[in-house]
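Heads up, the next two complexes both have chain A, just with different partners, chain B and then chain C.
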Partner chain A sequence: MNNMTNSGSNLKKLQILILDDEPIVCKRLKPAFLKAGYEVETFTDSANAMARTLDKNFDIVITDLKMEGMSGMEFLTEVKKQSPRTEIIVITGFATLEASKESFQKGVFNFVAKPFKLTDILEMVKQLKNERFKNVI
Partner chain B sequence: MRRSLSIFRRKLRQGPESPEIIRSLFSKFQMILDVNTKIIEKMVVMERMLGGEYIFDKAFLESSVSEVSTLVYQVVGGGPQNLDNVVSSESDL
Partner chain C sequence: MKLTAGLHAEYLSFWRKKKPAVLFSTLFKKFRSILERNIRIMELMADIGDKLSGEYIFDRQYIYTITEELNNLLRQHISDLGDLEQHKNTELFNSFERIHNRIREEISGKYAVSEIPFTRFPEELLTAPNHTLDELGNENIIMGEIQNILKLPVPDGFFITTSVFSDFMKYNGLVPHVREYFDRLEKGEEKPADKVFKDLRAMILNGEFPKPIVWDISAATENINRKAGHDLVSYAIRGCASIKEKGSAFKPQCKTFLNVPQRETLNVYKEILADLLCSPELKHYPEKDFAVSASFFSMIDSGISGFIRTLDPEYPEKETITVGATFGLGGGLKDAIGNLDHYIVSRDPPHHVLSMEVTRKDRMLTLRREGGTIWMNIPHYTCRAPSLKPSRIKYLAETAIMIERYFKRPLEIMWCFDRKENLFILRTNLLSIRNSNSNVILPVEAAIRNAKVLFSGKGMVVQGGIATGKVYVVRNDEDLERFPTGSILVSSQTSPRFSRVIRKAKGILTGIGSPTGHLAAMAREFRVPTILNCGTAAKELKTGDEITIDAACNVVYCGAVMELQRYGLMQEDLFEESEEYLLLRRLLKHISALNLIDPYSRNFTPAGCRTYHDIMRYIHEKAVQKVIDLSKTYKHRRHVPVRRLETDIPLGIFIAEIAEEIKPGVGSRIREEEVNSVPMRALLQGLHESGMWSTKPLSVDMGSFMSSLTKTFSYSLSGPNHTGMNLALISEEYMNLNLRLGYHYTIIDAFIGDRSEDNRISFRFFGGVTDFSRRSMRVKFIGTILERFDFRVESHGDLIIGRIKKAAKSRMIGKMKLIGGLIGYTRQLDVQIGSQNSLSSRVEDFINIIERTMEVDGEQHDK
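Coming up: the complex of A and B.
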């Protein structure tokens, strides 16, 4: 289990959950999003991430697809079922047309193939915040 | 590549040779250069990804290492006879 929780208590901040079974991805993304002013929780295990989403509704979920145990696709399906307002961004090293189609059918905001530019995903979240979460900082 | 170059030089030293053999050797030599260029291009991409601007995962590392290894093997160990396949199949790299 690897749960790195930001200790901020300002609930008005945009809440982001990042799930990727490779710790290096979480370690690179978390400081970048924190610096941009968001609240971030990262998980390397889909079961723990799933448990956390039962306790807390996140504004944005960024998830990998190919993982041990519950796959990213199952995870995002469950998240959407629990909280339809949560926006999801898929990040994957195994980007296929089928996976992308299935993700969009399930309502994800965007599907990003790795490697990707850090600035691109930050820009994507900023765009999402401006479009869908105008009431948060 | 060194092996093909030495074969090429040896053939040239041996005096008059049929134009077909010379053409074939030169063609192999060019193919080695083509594969070598593809290796360098692949390594440039890898270097850019490692520069800190990009987020990548193990899948990217594995596929990059595998592609470069295959190409390098074709140049140094696989022999020029295998290059025909490599050049045609890797043309999208």
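Coming up: the complex of A and C.
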């Protein structure tokens, strides 16, 4: 759905893709990440998000798991296949041990149960940025 | 079934002298499970409140999951009470089903159309089943919130819901005509559409209203007449059209009809419909599904009217407020352009006037006696006078910023001062700001990077949002009295007293405090950005320091980060306007609101339960009562679970220990030192150490006071023979005490453990022997004392309730000691307090003595 990008600086910013079929999650995460100085694209449909990742490599992908069509697990598997350097954070309302194990086996950076604190996910991304993406602002 | 049969056997055993079939301990376990489930239900209710803070990201799945868990807990609760009382609670279950259905309807978004009334009063919106946005439209909902939540003056009036529109259209067979009209517009058949347009207009104006609508509107106007004290009320009527289709760009404009006599109200409503449905504008906006509501506000004979814009739409970075004002009615604003005075005012308090342009105002719109309006010439000696005095401009700016703070959007507000100089808010619209989103992101990033962080992630966010302003540290009541509008309230701890100034506060920071306490609830209600539990970080702040709170990100910056504040005002999607937020808030009304307060009131029945909290409260009360009754039945048995408390103070207390296993052979008495319940021990200490119970003259000032108390109230009346049997249910951390002393009845329910989050005390006091005024003084006395010690206080007639929760153990022990002192003191209090003066001195005397008692482990008590 919404593929809005906010740019305005010549320096490369950390690129984040957010995928969650519940619009409220995208609507709330996007301004928070923009305000913190990241570039953000949000999707509520996994097929559209998939198509976008074919055009552009994102630094960080934040994805839900349970969605209609392509599931979040399938999506993150594909993303990792295309771009192993992309770090993935899973956000899910169905946080089972199995889902968590499978996600970590597929190389996700973190697995977060919804509801979560906005500051926690911002901190997580900041930590990722400091550790893995030192060359971006 | 076995249990029920057993219980019958138990009761009959009293006559047959047989051993009870069901052990008291078995029933007690059922009671324990009710108490434990109470805590879980409270936690879930608090959790929902937390999610409204804006600090959490949640989705619909969370809403489904949490409501399902609550449903299951409530079902189990009702079933457990049934087991305890040995009968099925059909009526209670029916109430549960009724509330459950409401919750289901809210979640599914489907509700019975027949339930939508034709009219609604603004005050009803607080408790109305909340599909009200569809019923009334955004503009009217905003007016309702301004009146109900912000408590700002809005003219008396009522709303006509969208069901009047739909019923009127159906009743007059207009729906097919409207469809035909729009079909032709879509196909571009303009000429036939013109004809349909004329026909449609005529049909609307000639239409008739179904009788029930006429009756309802007539009843509503009679209600307004009663409030006004006469039947000559005329109305300002304004339509509010909303498009149900999502993402619709069409914002239909409705004009306001002024000074409409009652006999003309329905005709004016038809004109509003005709104007809307036959508007040429619709050609460009071919949406079909729109609904119309209307507001009927009693007409204010205004001396001055105008608008106020909380931000300059063209140059938001200037941080100014624009006020336009003229003499007479606000309806004349459009025609008075050029004759309006303009004031540019600073957004920051004290809202200095930065510039003003006073024009010559030759005429003003006024009320015509027979209805409608008329232009009148303004005498030449006043036409050049400024329409607003500086004090009124400041008042207007403060009010407008308060409204903006709540709605978190730049606003345009229409207002008027009546002939007695009372301010009324007439209408509020969201203000469109030029290039709002793209212009604020880049500056805010840089501003945040450069701003000095005072502290980050220190506390708990209870209400998101951004606030810039000057710190005002509140240490005592005097500070609170002087709290300047537009400041940021900083305090070492929370207090329900802060609710007095919450409308004036831009933000709140406290050293300690609970995210589920009263202040947190108030902060959410008024949407004041609030971070509690900041620890010592808050202590570093001094009155006058300029700071910026970003409560969503839990950061406090040094200085005013204006870019951040503007960013907050111009966010594209506001959390508080999201469907999920609104749904959760609506659900809370069915879940957390508490209507059953007084167990002795007539509505304290299963049918009187309107929320899950009511059901929980009802079950708790009945379960406690049942255990007391059961303990009487069982008290002559060998394994006595209830023991008499041996104490010097004649309280007549029996103790029932809530333990996993009831120890056999523990004897029929328990000494004070054997009581290992934290709240119970603290209560008894409070009674002893304060000396409030003593019937002998005391050596301190209190002596004369106490001895005079006893002159008018016989000792014997407060002796053990008259206290009856009072039951305390205790565990190590819990106490539920039902205490009848003389004519006073007290219920204390307390949990004091190591985790502050679990701690709570509720103190209910009612009954008395004197006349109403003295009882009322007593209620004031207890209320004042409890408030002074940070209890949240409610009084309902002769009942007073004080609650405190989520405080640290040592603080809660101090509070229990206070209650101990209060119990000793209030058993005959009302006979002593005769006047307001003596009330104040009693309060001070009491506080002087109790403060010493309340010190716990060397801690100074916080008054």
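Keep in mind that, in the parts below, the second predicted complex is superposed on the first by the 127 of 137 C-alpha atoms of A that agree within 3 Å, B and C clash if a C-alpha of one lies under 4 Å from a C-alpha of the other, contacts with A are read in each partner's own complex, and residues count from 1 in each chain.
Just so it is clear, contacts are C-beta pairs under 8 Å (C-beta built on N, C-alpha and C of every residue); 3 or more make two chains touch, one makes a residue touch a chain.
Since this is a predicted model, take the numbers as computed values, not measurements.
After superposition onto chain A, partners chain B and chain C are found to clash with each other. Of the two partner chains placed by the overlay, only chain C lies in contact with A:122; chain B stays clear of it.
In the superposed model, A:93 lies in contact with both chain B and chain C.
In the superposed model, A:12 lies in contact with neither chain B nor chain C. Contact with neither chain B nor chain C is seen for A:81 once the two complexes are overlaid on the shared chain. Of the two partner chains placed by superposition, chain B and chain C are both touched by A:114.
Touch criterion met: A:31 reaches chain C, while chain B stays clear of it. In the superposition on chain A, A:22 makes contact with both chain B and chain C.
Once the complexes are superposed on chain A, the part of chain C occupying the same space as chain B corresponds, among 45-53, 243-251 or 279-287, to 45-53. Overlap of the chain B and chain C interfaces on chain A comprises residues 20, 22, 24-25, 28-29, 91, 93-94, 114-119, 121.
On the chain B side of its complex with chain A, the touching residues are 49, 53-60.
By the touch rule above, chain A contacts chain B in their complex via residues 20, 22, 24-25, 28-29, 64, 66, 91, 93-94, 114-119, 121. Remark: chain A residues 6, 8-9, 20, 22, 24-25, 27-29, 31-32, 34-37, 91, 93-94, 114-119, 121-123 touch chain C in the complex.
Residues 51, 54-62, 65, 438, 441-442, 444-445, 448-449, 457, 461, 552-554, 567, 571-573, 575, 578-580 of chain C are the ones that touch chain A when the two sit in their complex.
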